[in-house]
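One structure coming up, written as structure tokens, with questions to follow.
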Amino acid sequence: MKFAIQINEGPYQHQSADSAYQFAKAALEKGHEIFRIFFYHDGVNNGTRLTTPPQDDRHITNRWVELAEKYDLDLVVCVAAAQRRGIADADEAKRNGKDADNIAPKFRISGLGQLIEAGIQSDRLVVFGD
Amino acid sequence: MSETKKFLYLNRKAPYGTIYALESLEVVLIGAAFEQDVSLAFVDDGVFQLTKGQNTKGIGMKDFSPTYRALGDYDVNKLYVEKESLEERGLSLDDLMPLTYEDEDDDYAEKDSIRVVSRAEMAQIMDEQDVILSF
Amino acid sequence: MSILHIVNKSPFERNSLASCLGHALDGSSVLLFEDGVYGAIKGTSFSDTLGAAMASRSVYVLGPDLAARGIDESKLVDGVKVVDYAGFVDLSAESDKVQSWL
Amino acid sequence: MSILHIVNKSPFERNSLASCLGHALDGSSVLLFEDGVYGAIKGTSFSDTLGAAMASRSVYVLGPDLAARGIDESKLVDGVKVVDYAGFVDLSAESDKVQSWL
Amino acid sequence: MSETKKFLYLNRKAPYGTIYALESLEVVLIGAAFEQDVSLAFVDDGVFQLTKGQNTKGIGMKDFSPTYRALGDYDVNKLYVEKESLEERGLSLDDLMPLTYEDEDDDYAEKDSIRVVSRAEMAQIMDEQDVILSF
Amino acid sequence: MKFAIQINEGPYQHQSADSAYQFAKAALEKGHEIFRIFFYHDGVNNGTRLTTPPQDDRHITNRWVELAEKYDLDLVVCVAAAQRRGIADADEAKRNGKDADNIAPKFRISGLGQLIEAGIQSDRLVVFGD
């Protein structure tokens, strides 16, 4: 079965990003497909490569990156939400006159149409948030 | 993408305190281009999104309430508002913005987009959907 | 010692305001702001609770948040006072401390 | 059409679970996870509401979230079933859609 | 900074669902070095922070509940837990971790750090503080 | 009178950062002093210079920067919260082996002791959050 996942909250503050990860991992291990994971609202903050959590804590961003590498996942960050919150890739940084970018590998920035498409193309959309 | 799905946007949060109401509208507008069967549900504090007379000058935030009036132009004209949610909050239909659309199947007659439904009817509406986006 | 209690959550969504009123001593003040302003509307499922609490406490509501949400002052529970951000600052200064109900 | 309703908020803090149960049709399923698992404890101010809803609906709770919060399964309202993340996935696949009560 | 103030850490949220419980503990531990008069209040869902038997292995998050047992060593030994909040949640003192400290004014006798108080008493405790940090 | 302000939420998602700003501005305009503004939890996300909100929306980070410049405010970002969420200055980035930093001007990263100190040194601490 084809799942799509939407994540509305950033890492560490709420459990949403953790629950979404555990759900995605369990679905993939059961042989399901994940069409797309869409990071929306504060969820875009999952996609920064600048995080350095404590040694004894989980590394939420790296966990996404590793899962995406293992299963070739499509991790999409909402562009409008990302602009409001300071998540940028090299192109976005250049376009907006910023001197740095911070997006993590395997994440890509795109529009809300990607969320609608995920709703259309997948069998189930599961939303994790606050 | 020839398949048409029934999309429900479930709005349960008040506006301005959090960004969800604004973002829900954003998705609805973008989603209109995908020609799906779109409905909006306003339940619990979500009914506050539709109050008339919103004026955000004093809080320095953008007033996005006029956007609801544009929905009809995007063929988004099923706005289900829960009666019980209104009543618990001391609201009636008169407190909400009048929202209308032109029905192209009925000689472009102007019709109300807001449809006040009971909680039981709302539960049925949810049940009939293919995809539910929660805000 | 007097407390200014501040509440920014809707009483229909969260228990913050109910809990606040359960802990606000007689003579204390309560300021409703952000989505908390919905707690000051009359004729709701919450307004009796607020009215009862007001017998011995002062309740304020932040005007700019009211206006943003399209709530006319005529819709407020009797006795609720409207203040602006400067009034919020004054209430904070006049109280001995400010307690947030998050 | 069957819905899996998922609720991640404590019923003592928010209205999400109460609203969910008010909209979950007979025969539908409800999964409690994250802070939502507190809604499945027996002997609370909420357990009667949950018990009544369970007469015609299936209620599940996510075991890992229960364990994290130190709630023994013996403390649950009778009839609540415990699942793990794989079970969460199965419930999602078996239902026609998943509805989040955020 | 010779002044001593009464600091209250107000905990109203459940653990793990949000980070507030963990962060509250962090501030308490850092704050202990400032030699203020520190109290912790557990109200509403905050009482869930103290349940015994927490095991976070299945959710992949750090179990920070053992830290509560270290508070006594930092001279943080006034943990006020609201009776009504416990009862509404089907909890009693037996469901909570036993937390103790050694009272240096009483020949280092081991005493309970958790003090169950009524809502009315909790309101008084709040009233006596100089600074209230809400989580 | 001397105020201290604590902000627990990031920009745009919750109104907290807006309310805190309006409160701070009103206090300063009335002649009060603000000892410190402490950005905690997701509040640290107020302090990134990479944000590009829509033209017709307020720029929350720049608003803080301008207020800080006008009144010489002390804007402190909690270091542990910042590390978890990917907010870094040049020193932090270097220490943690990151190739970029993103902190906005006028913000500084420091420890939780700064919050306690704010509670001790100010007459009123006001907490804005979710």
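Letters are used for the chains, namely A, B, C, D, E and F, taken in the order the chains are written, and counting of residues starts over at 1 for each.
In this section, a contact is a pair of C-beta atoms (placed from the backbone, for glycine too) under 8 Å apart; a residue touches a chain by one contact, two chains touch by 3 or more.
Keep in mind the model is a prediction, meaning the values are calculated, not measured.
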Co-neighbours of chain F and chain E - touch as defined: A, C
Chain separated most widely from chain F, comparing mean CA positions: D
Farthest chain (mean CA position) relative to chain E: B
Distance between chain centroids, defined by C-alpha means - chain A, chain B (Å): 27
Inter-centroid spacing, chain E versus chain B (mean Cα positions, whole Å): 43
Inter-chain centre distance, chain A versus chain C - centres from mean C-alpha coordinates, in Å: 38
Per-residue overlap in chain C, given as positions that touch at least 2 other chains: 8, 12-13, 15, 34-35, 64, 84, 97-98, 100, 102
Junction residues of chain B - those touching two or more other chains: 13, 16-20, 44, 59, 61, 131-132, 134
For chain F, residues contacting two or more additional chains: 12-13, 15, 19, 22, 41, 57, 80, 125, 127, 129-130
Touching pairs - complete list by chain label: A-B, A-D, A-E, A-F, B-C, B-D, B-F, C-D, C-E, C-F, D-E, E-F
For the chain C and chain D complex, residues of the former touching the latter: 12-15
Contacting residues of chain B [partner chain A, same complex]: 1, 3, 5, 7, 19-20, 23, 26-27, 30-31, 33-34, 36, 131-134
Complex contact set, residues of chain B against chain D: 10, 12-13, 20, 43-44, 119, 122-124, 126-132, 134-135
Touch list for chain A against partner chain B, complex: 6, 40-41, 80-81, 111-113, 115-117, 119-121, 125, 127, 129
Partner chain C, residues of chain F touching it in the complex: 1, 3, 8, 15-16, 19, 22-23, 25-27, 29-30, 32, 123-130
